[in-house]
Amino acid sequence: MIVVMAAHATEGQIKDVEQRILDWGYDVHPIYGAERTVIGAVGVPDADKGQYMEALESLEYVERVMAILRPYKFASRELHPEGTIINVKGVPIGGNQVILMAGPCTVETYEQTYESAVACKAAGANILRGGAYKPSTSPYSFQGLGLEGLKILRAIADELDMRVITEVMDTRMVETVCEYADILQIGTRNMQNYDLLREVGKCQTAVMVKRGMWAKIEEWLQAAEYVLLGGNPNVMLCERGIRTFETYTRNTLDLSAVPAAKELSHLPVIVDPSQGTGKRSLVQAMTKAAVAVGADGLLIEVHPHPEAALKDAAQQVTTTDFGRMVEELKPIALAVGRTI
Amino acid sequence: MIVVMAAHATEGQIKDVEQRILDWGYDVHPIYGAERTVIGAVGVPDADKGQYMEALESLEYVERVMAILRPYKFASRELHPEGTIINVKGVPIGGNQVILMAGPCTVETYEQTYESAVACKAAGANILRGGAYKPSTSPYSFQGLGLEGLKILRAIADELDMRVITEVMDTRMVETVCEYADILQIGTRNMQNYDLLREVGKCQTAVMVKRGMWAKIEEWLQAAEYVLLGGNPNVMLCERGIRTFETYTRNTLDLSAVPAAKELSHLPVIVDPSQGTGKRSLVQAMTKAAVAVGADGLLIEVHPHPEAALKDAAQQVTTTDFGRMVEELKPIALAVGRTI
Amino acid sequence: MIVVMAAHATEGQIKDVEQRILDWGYDVHPIYGAERTVIGAVGVPDADKGQYMEALESLEYVERVMAILRPYKFASRELHPEGTIINVKGVPIGGNQVILMAGPCTVETYEQTYESAVACKAAGANILRGGAYKPSTSPYSFQGLGLEGLKILRAIADELDMRVITEVMDTRMVETVCEYADILQIGTRNMQNYDLLREVGKCQTAVMVKRGMWAKIEEWLQAAEYVLLGGNPNVMLCERGIRTFETYTRNTLDLSAVPAAKELSHLPVIVDPSQGTGKRSLVQAMTKAAVAVGADGLLIEVHPHPEAALKDAAQQVTTTDFGRMVEELKPIALAVGRTI
Amino acid sequence: MIVVMAAHATEGQIKDVEQRILDWGYDVHPIYGAERTVIGAVGVPDADKGQYMEALESLEYVERVMAILRPYKFASRELHPEGTIINVKGVPIGGNQVILMAGPCTVETYEQTYESAVACKAAGANILRGGAYKPSTSPYSFQGLGLEGLKILRAIADELDMRVITEVMDTRMVETVCEYADILQIGTRNMQNYDLLREVGKCQTAVMVKRGMWAKIEEWLQAAEYVLLGGNPNVMLCERGIRTFETYTRNTLDLSAVPAAKELSHLPVIVDPSQGTGKRSLVQAMTKAAVAVGADGLLIEVHPHPEAALKDAAQQVTTTDFGRMVEELKPIALAVGRTI
């Protein structure tokens, strides 16, 4: 770390800071400039020395402390130059093929989910998505079918030879959801629910960490680090839009986060254009952009009859639209050297 | 709700929308303008008809759907014009007195907590704050003492006749934290952890819902609604800063959220200037502003030796500073007709 | 517009609002619900009745006023269903071909600009970009060569049969810049510099309005409306990134703004991935995404020797990179039915 | 500045960077850590060496470059420890007295302005505010009376012994506005209109630089630096709310920017709670908070009949409210050791 001393810092105060840094085990490299003294501290290998940085910043004779190393280790591409490929029961995520995860926003009935799944599978989706436990801003909205929804997903996926991705919201439900799902989704609202991250870190089921709508890319990678540190190496990321001042779209889908996350980390990156825009009319164009920018997979809400959906109707595409959309994605995938 | 039809909507499509609305039990009031047809729908009393709104928005011949009613009921001042006063074992929150909740960011040792608590109590704080379970962005940071921390807080608070506020992060820990704490804090990262909100809604211990750093005021009130709807009426709000583009401060403390929340809701509103600014040099000025703007209480991090703190050192004030700060708050409280 | 009366509004107050609306020339359509009275007002055709909306909102017995119509007219696709194609001396912008605008961030010397321009032209760029007047956050940074820079741009463009796009920052310079440039760029910082918008609205030179880094899509369209209303129909838009909390990238390039602007408006939309990301390593991926999402053109900073650039070195690609990048864009353009 | 080399940087690349830094006139202080080499560069005194930083960042073997010094000099408190007091024809801004700047949002007629001014003066305002040239998001909104408005302001201010503050939007109008106004307001939209900043830097009339709704505190100070560098020392700042995701308020008034700007800079800081909230019901509480937080003055929109205002009706307080509000501010000013 780099410690910038205050302009008014005395020689004694500079010595005090140097001593503290030495006591923590760092080597000290002071640079005495005309306007500021700057102290470089190196030699302590841990990914996060945030506590020391804050302690120094709390001194009134220290102006600022700046980190040098990235605050994560297992998620970093530096220690793991090759991109990770996660094998989800035979479906590779992070490889050359762009993976389609599709299905209804919410599992409402067996019939609605089945109708959606059949169409998604026919169009090329290998992974069935659907919410059994739903995070709803309003307590008066539909909260999902729960266990019943998990069973519907599993039964349909097994019949159609698909894998299941679904959200787990509560530490107490991790074990149950693991029984039915092949990928556990950590939703945007739970990206910093650390007990949940630790809990899914204890199992080996693949985990998709959605970016918090308030989260910087590095914080998102630190959330993934919680899971990896817990012992579960099967982690993928999902960009789903961040919160900005724009109101025309539901969120601002940050596609630059895909190449950014991929240069910082070896983990696969999925894109969710449905949540990201909240508008069916924009989903198709953003899906194309997601493939062009290098996404390893797409998470798309497909409902046979969107206008009858119990949740998020406005952002679900029809089964017919989905089929056509996938056809249009193929030449783009090809153009960036991938298949779909 | 108000449905704005698309410019190109046909007569048949307008009829279709009217029929759907009638089928849901609304009365229909169409307004045929020259450029748009607008359909008013009234008569369905639920706080949230979001599902119907989204279903209509998913139709390509509907341009927009706008809500009329606020999406919460129990949290609304409309149904509850008097401000709520919560009695925390004899300490009234929401009344004329501005309540001081103070103590270390994190419970590190009995001694550090005791030293802070004695000073806070002497300066006028009735409620002892301190983190036993800590949400940390980095998995490598100190995560708190856990149960041991709860016991330290309770023992010291009992000795000094204080109440305890501390964070609960996991549904599985609600029962345990209730045993030791008088107010359960829902942290900013968990504001939309709905299972946790439902769980604290089942007990009667007071709950402080911190605003999510990404949350609009109305979403914050909906989080409170989850707890109220669960059966726990003892809910207070806490403004602690939102995430913006500014980097000089850790968050942007939104003091306008205090009068805004108070005009929309009857719940008490606390302000946390420590988390809100992240900078000790700004805490004092923002604390004064919080009292002037009408906060019902303050949550302040006080550490006997901030530069030795294990977490968030940069934003903790010293015990000496805290005493002086409270003295300076008194005339401001008086100026707005309150005591401290 | 739709006026939502306060819950406590009396019959007399409702009548008062109705009378005001009638006096302004609207037809009045009240809807008396159980919890709120809502008044629909139609029949006043102007694009913006913001003044009336605000007057009503200032009444304490009015809760909210909601607009029905979009606040722009000439920029709207509603009145102009076909997309606009702007002919810039034979180069069509908004048609089937994706237009490349490329060149150095800043005109530093004739040689540097020439070297960049030759390479850009060879790679397929028809429009030469380069800053002669530079908006710099710091007064100590290079502010551009001014008139000398304009002359360099014009001379090189003429020699290579290219068109010139460059920024105009001051009303007093519009006439001069029109002499040398084929497209006037309104920079992000000046998107709401209304005198400047009015001034460029008086000429017929094409204008590119960059989105303010704080601007909602509808505000961006209103900025374009200023120019169109002034009498200049040759307006194109440029998405260049908005300001968010993310710090890894310089801005957050909002690619969903491209299809969004195109569904709301008939104006061509250009994308600037250089400013949008601020990082050379991300420019290439975002350029591909921009083509896939439907951009009508790209604005790319190309410097023969980025590390020697006087401004924004970090986001400029090399001439070699640019050539390769364009080759990789061609199959993507083809995949979305366009040429490049 | 501090240069963090990439993890993969070779010895030759490290030498290359060191040589470049030496060539620019810096002293070089390398620190060879196990995971990164960091190079400290000191000895070049200019406030902004941004160009060098960007040049280094553009090298693929450099990971990051971090500034040590603040990017402004004349605006910095470091070189000017005492707070600046600006004398506006006998009214001191930045001293012990909190200055009231009040009047209508927009000058509509002589009568409306006079009625507002008389009430403001009676309540204690020494400075009359009012827009003659109005920046309006919509080209269809009222754009102000222009020169006629300036004359009305001057005539009324002279009669009532007040000073005039009004906005100047265009470089061509600076001379004219200087004839009529005592303080030139640079509006939020023009905070980075550098030609305008340079132009007002050439005169000696006091200038109030409003914070851009997208601007970090340091960028705001750099805008002030443009004016100071131009030779005009009479610069004050004005916090007026930043743009965030919150939609209940028009902007988020960032009161922490007041103590932050005052610790970084010696310039007086004014607060505008009218624009900052956009809601009359919140103005009063935020005004109290602004005084408590340490504002040197307040800019408040006061209209005799807000509901008849031509612009921004929703945020203007009545003349009666204003008088009462000032009375309530007095004890708060006293509590923070000031007068009003």
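Chains: A, B, C and D, in written order; residue numbering restarts at 1 for each.
To be clear about the criterion, contacts are C-beta pairs under 8 Å (C-beta built on N, C-alpha and C of every residue); 3 or more make two chains touch, one makes a residue touch a chain.
This structure is a prediction, so every number in the text was calculated from the model and none was measured.
A.B. asks: So which chain is farthest from subunit B, going by the mean of the CA atoms in each chain?
C.D. replies: The most remote chain is C.
A.B. asks: Need the CA-centroid distance for the pair subunit C / subunit D, whole Å please.
C.D. replies: 26
A.B. asks: Could you work out how far the Cα centre of subunit A sits from that of subunit D, in whole Å?
C.D. replies: That pair's centroid distance is 38 Å.
A.B. asks: What whole-Å value do you get for the distance between subunit A and subunit C if each is reduced to the mean of its CA atoms?
C.D. replies: Measuring from centre to centre gives 30 Å for this pair.
A.B. asks: Got the subunit B residues that touch at least 2 other chains?
C.D. replies: Residues 214, 243-245, 247, 281.
A.B. asks: For the protein chains shown, what form does their contact graph take: line, ring, star, complete or other?
C.D. replies: complete
A.B. asks: Using the touch rule from the top, collect the residues of subunit B that touch subunit D in their complex.
C.D. replies: Interface residues on the subunit B side: 214, 216-218, 242, 244-249, 252-260, 263, 276-277, 279, 281-282, 285-286, 288-294, 328, 331-332, 334-336.
A.B. asks: Can you list the subunit A residues touching subunit D in their complex?
C.D. replies: Going by the criterion above, the answer is residues 2, 4, 7, 29, 31, 33-36, 38, 40, 42-43, 45, 66, 68-69, 78, 243-245, 247.
A.B. asks: Give the list of subunit B residues in touch with subunit A in this complex.
C.D. replies: Its residues touching subunit A are 46-48, 50-51, 54-60, 71-72, 135-143, 169-172, 189-190, 192-196, 212-214, 219, 222, 225-226, 229, 243, 280-281, 306-316.
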